[in-house]
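Labels for the chains are A, B, C and D, by order of writing; each one numbers its residues from 1.
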Amino acid sequence: MSTPDIHGIIGYTVTPFGAHGEGLDLDALGRSIDRMIDAGVHAIAPLGSTGEGAYLSDAEWDQVAEFSIRHVAKRVPTIVSVSDLTTAKAIRRARFAEAQGADVVMVLPTSYWKLSEAEILTHYQAIGASIGVPIMLYNNPATSGTDMSVELILKIFHTVENVTLVKESTGDIQRMHKLHLLGEGQVPFYNGCNPLALEAFAAGARGWCTAAANLIPQLNLDLYQAVLEHDLQRARELFYRQLPLLDFILKGGLPATVKAGLELAGLNAGEPRRPVFALNEGARQQLQALLQTLG
Amino acid sequence: MSTPDIHGIIGYTVTPFGAHGEGLDLDALGRSIDRMIDAGVHAIAPLGSTGEGAYLSDAEWDQVAEFSIRHVAKRVPTIVSVSDLTTAKAIRRARFAEAQGADVVMVLPTSYWKLSEAEILTHYQAIGASIGVPIMLYNNPATSGTDMSVELILKIFHTVENVTLVKESTGDIQRMHKLHLLGEGQVPFYNGCNPLALEAFAAGARGWCTAAANLIPQLNLDLYQAVLEHDLQRARELFYRQLPLLDFILKGGLPATVKAGLELAGLNAGEPRRPVFALNEGARQQLQALLQTLG
Amino acid sequence: MSTPDIHGIIGYTVTPFGAHGEGLDLDALGRSIDRMIDAGVHAIAPLGSTGEGAYLSDAEWDQVAEFSIRHVAKRVPTIVSVSDLTTAKAIRRARFAEAQGADVVMVLPTSYWKLSEAEILTHYQAIGASIGVPIMLYNNPATSGTDMSVELILKIFHTVENVTLVKESTGDIQRMHKLHLLGEGQVPFYNGCNPLALEAFAAGARGWCTAAANLIPQLNLDLYQAVLEHDLQRARELFYRQLPLLDFILKGGLPATVKAGLELAGLNAGEPRRPVFALNEGARQQLQALLQTLG
Amino acid sequence: MSTPDIHGIIGYTVTPFGAHGEGLDLDALGRSIDRMIDAGVHAIAPLGSTGEGAYLSDAEWDQVAEFSIRHVAKRVPTIVSVSDLTTAKAIRRARFAEAQGADVVMVLPTSYWKLSEAEILTHYQAIGASIGVPIMLYNNPATSGTDMSVELILKIFHTVENVTLVKESTGDIQRMHKLHLLGEGQVPFYNGCNPLALEAFAAGARGWCTAAANLIPQLNLDLYQAVLEHDLQRARELFYRQLPLLDFILKGGLPATVKAGLELAGLNAGEPRRPVFALNEGARQQLQALLQTLG
């Protein structure tokens, strides 16, 4: 197994539905993928938080995974989120994604009951032993309810052979410092907290996992380019320029805000699935104003 | 619609599986239900947190709901937890439970994305409009990730006609005070935090939702009886006697500890479903020692 | 050294000032003490949080301590709060209080820098070795910034001979359960969180440390009496009756609300010391309305 | 009033004592100041958290303030922390510092009782009206117990004329983003959280308030220089090099660790004042090892 070189801007897709989040609109999904690849993102990640993966039936999930991988068609690597509440279901998804050609699978240790460190490690081991592609370990206590310490993350990284990438979304920059120091600079980490983009890159993050690439891919890419050129001043300017939008989509909920933004850009991706609401009219106008200042 | 008189000790069932949480063992489920009813509990609640409802497939969930309701057979009321990540799925479960004869359904506003108050209210409204039986609103941020304020709970209680019972599991006794004061004594509230049993009854809780009734039903019932007799001293003694066990099952995770306790009592209920582990040997011996001092 | 029997309602005094908290008004202090003793409280506690002890100069502090002890004149026990930022200053205050005739001194491990457990234990040891009267250990992280675990509290209790009473003000009833269980029923604990009064007594608290005794001593005493008689129903009714006032004085800040309440009762105790504000007019009217319903 | 140009590395002094924190050693204080100025720091800040200002008597505080200002002798600006529990005492200190020649005074809204926003604003107004030098507003909830929102900070900044600098020590980089965006780039902010040094500069902080300048001034200054040159790669390397030491002094408590480090460098600054302990032998050896790798 060799890990593909995952870096830069990793664009997270929405899952387009109809009204109230019913049905699937794969055609719109394909167009949203093309928008990001054409803009230059370095990887595509379907079925993450933004993709409402947790709200899909198994049949829908399979359709979206298969379609996304086939539609990306190796133009860039595809990272498929395969998290599920039970180990058995997560393994099923991981195998399915691998069979369809996913380059990497992402695993969040989501659970209903709080998991012990041994339970989390065993979960990753079981998934790792079932597939041959790399795993991006994902820490996001706000959605999973489980906060993995840096020590636990490193233990899993060193124990499970195909856990080779770490996505950190606590928003606490000290976690990345610790990953760098305790990991002796050998653990590739990625940032999943949009308003931390500048500082995560400053701290050495290899990539930025973001749904913002659906709306402002050029600004995302320019920030990454400034970082590659070590130009702190330009990076700061580019970051502050896009920060109001990053704050807005985080605060408003990624599925609702990104779908609204895509519609403003002419791509109807439908509404989030209930109980999540679509953006209301006031927020939609705020979003439009924000996007216009960045156009 | 009339709400059945739900009070006293409400026993939460486990869902018996085989090794590593595979398969269903309905026969063991039936015996665990009989144990509690024979001991005198006032209601039975399948498919809650203890029942690992979140980890079941839809088909399994339906089997457990149907079997439990039929097996209780109106000896006491049955309260079926129908929570699910999407509104559509929660409605499907609620309708199924009602069709099978559930007396009450319980709804936790579980979600992946943080929900706004309007989204939570609409979720309860949609479920309420779909069924004719009462709903027990359930607040448990530790498992759902959503903390409903007392103000929001009361708004839902007053807006959705069949939300007529409130289960509070934050463990913060001030929430119950506020429910009593702001609800003007008209909102029946139930306690779902085991180590708060004494104080919740002191504050006026109408019932105690507990999986401990699988293991020490007589002590649970005696505490309730002392409360009915306003005997504070006896209630305190009974509470402190069972508190070490209540602390143990909460800390060790209810499915793992209660299943281990049932096995010690001669009823093999299998293991929790992975990623959750069964109790390890050391903890099992602690549990045995605790149960022996209470025998 | 023998510990006096401290139980029941322990009334905390304000420190009357002039406008904007300037000057001392010992005459008003004397009258506020008499009000509480005449009403029947079981002990008087000057210079606590309510007494704005932290805001006094050393000279003022000495005056208030000396005056309070002499004015109580052993009608009931006096518990003087001697907390200070440095160990040396806390020792000075403890010795002064003892010399003036204090029955008990209370010590909160207040600090600017977070203290280690060894530092806290040494602090109590140093104070304990300097005096011959009992110490009431006081845990209140909201004001001290230091949260002592039950295990640490018990370690201090068992190590420092004259630490013989524990006041718990986290508002978390589980701390009292743990004090009872781990302390094997031998650690006398007192409640310092007003809205927890009912449950703390239910859990076995020996007393209630409260500034509410300045305003509604009879209701406080009646609640304690109902608890002594093990009458849970009457205790619950008495508690809910006074709870709105207890919530109000906690939320509004004890010095400001209690001084305003005393003034409404005809005893001008001045204003809190800046930066703390006196109660504004709207809040004062709310307080008056609350007191009238309890009159 | 004109605000001096405060930028770069602002070195915080310790207050040297004798054994157990008794007495003052002004000679050692003078040498510690010279060390930092000779190394090139851009400002000196006595009597902050590191300086144990909260633990000094008024007479000691005055001596340290007067001595420090006179010893710096305008070689660089002096920023004197004048925080105190009451508004009156803080004003006294602020006036004293100004009379002695302080260039800036720093004010943390420390309090025993939680302060409302109006109380905090009035506190700053009262101090501001009493002096003619600029005020550095200081937000550090971990030591003060009061967390000022960015909105409140900006309200004070725009209301009190001589509040012209903001020191942020929550460690949350989003506060600095918000200060930049809501303050429209016009609010000079300084970082007081050592392990955030790199990211705070990336976000636009004008300076770094640090006691580390007592031990590794050249590394601190080099990081600032790399930032001035917009060289992100060099800044990152310099930051990670010093981060283990920054983590160590924060975790071990600044007075204890910095005094131990000064002693290792040949300058005996005594021990912290009790209840705070001096560094134990194991930690001292860790510190020595850390310093040697940086030498």
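By definition in this document, a contact is a pair of C-beta atoms (placed from the backbone, for glycine too) under 8 Å apart; a residue touches a chain by one contact, two chains touch by 3 or more.
Predicted model, so just to flag it, every value in this text is computed and none were measured.
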Among the remaining chains, which ones contact both chain C and chain D? none
Self-contact between copies chain A and chain B, residue sets same or different by half: same
Whole-angstrom distance, CA centroid of chain B to CA centroid of chain C, is 39
Cα centroid separation between chain A and chain B, in whole Å? 35
Cα centroid separation, chain B vs chain D, in Å, comes to 52
What parts of chain A, by residue number, touch at least two of the other chains? none
Go ahead and list every pair of chains that touch. A-B, A-D, B-C, C-D
Touching residues (chain side chain A, partner chain B) in the complex: 21-22, 49, 52, 54-55, 85-88, 109, 111-116, 118-120, 122-123, 126, 142-143, 145, 253-255, 272-277
Within the complex, which stretch of chain B touches chain C? 171, 173-174, 177, 180-181, 195-196, 198-199, 202-204, 227, 230-236, 240, 243-244
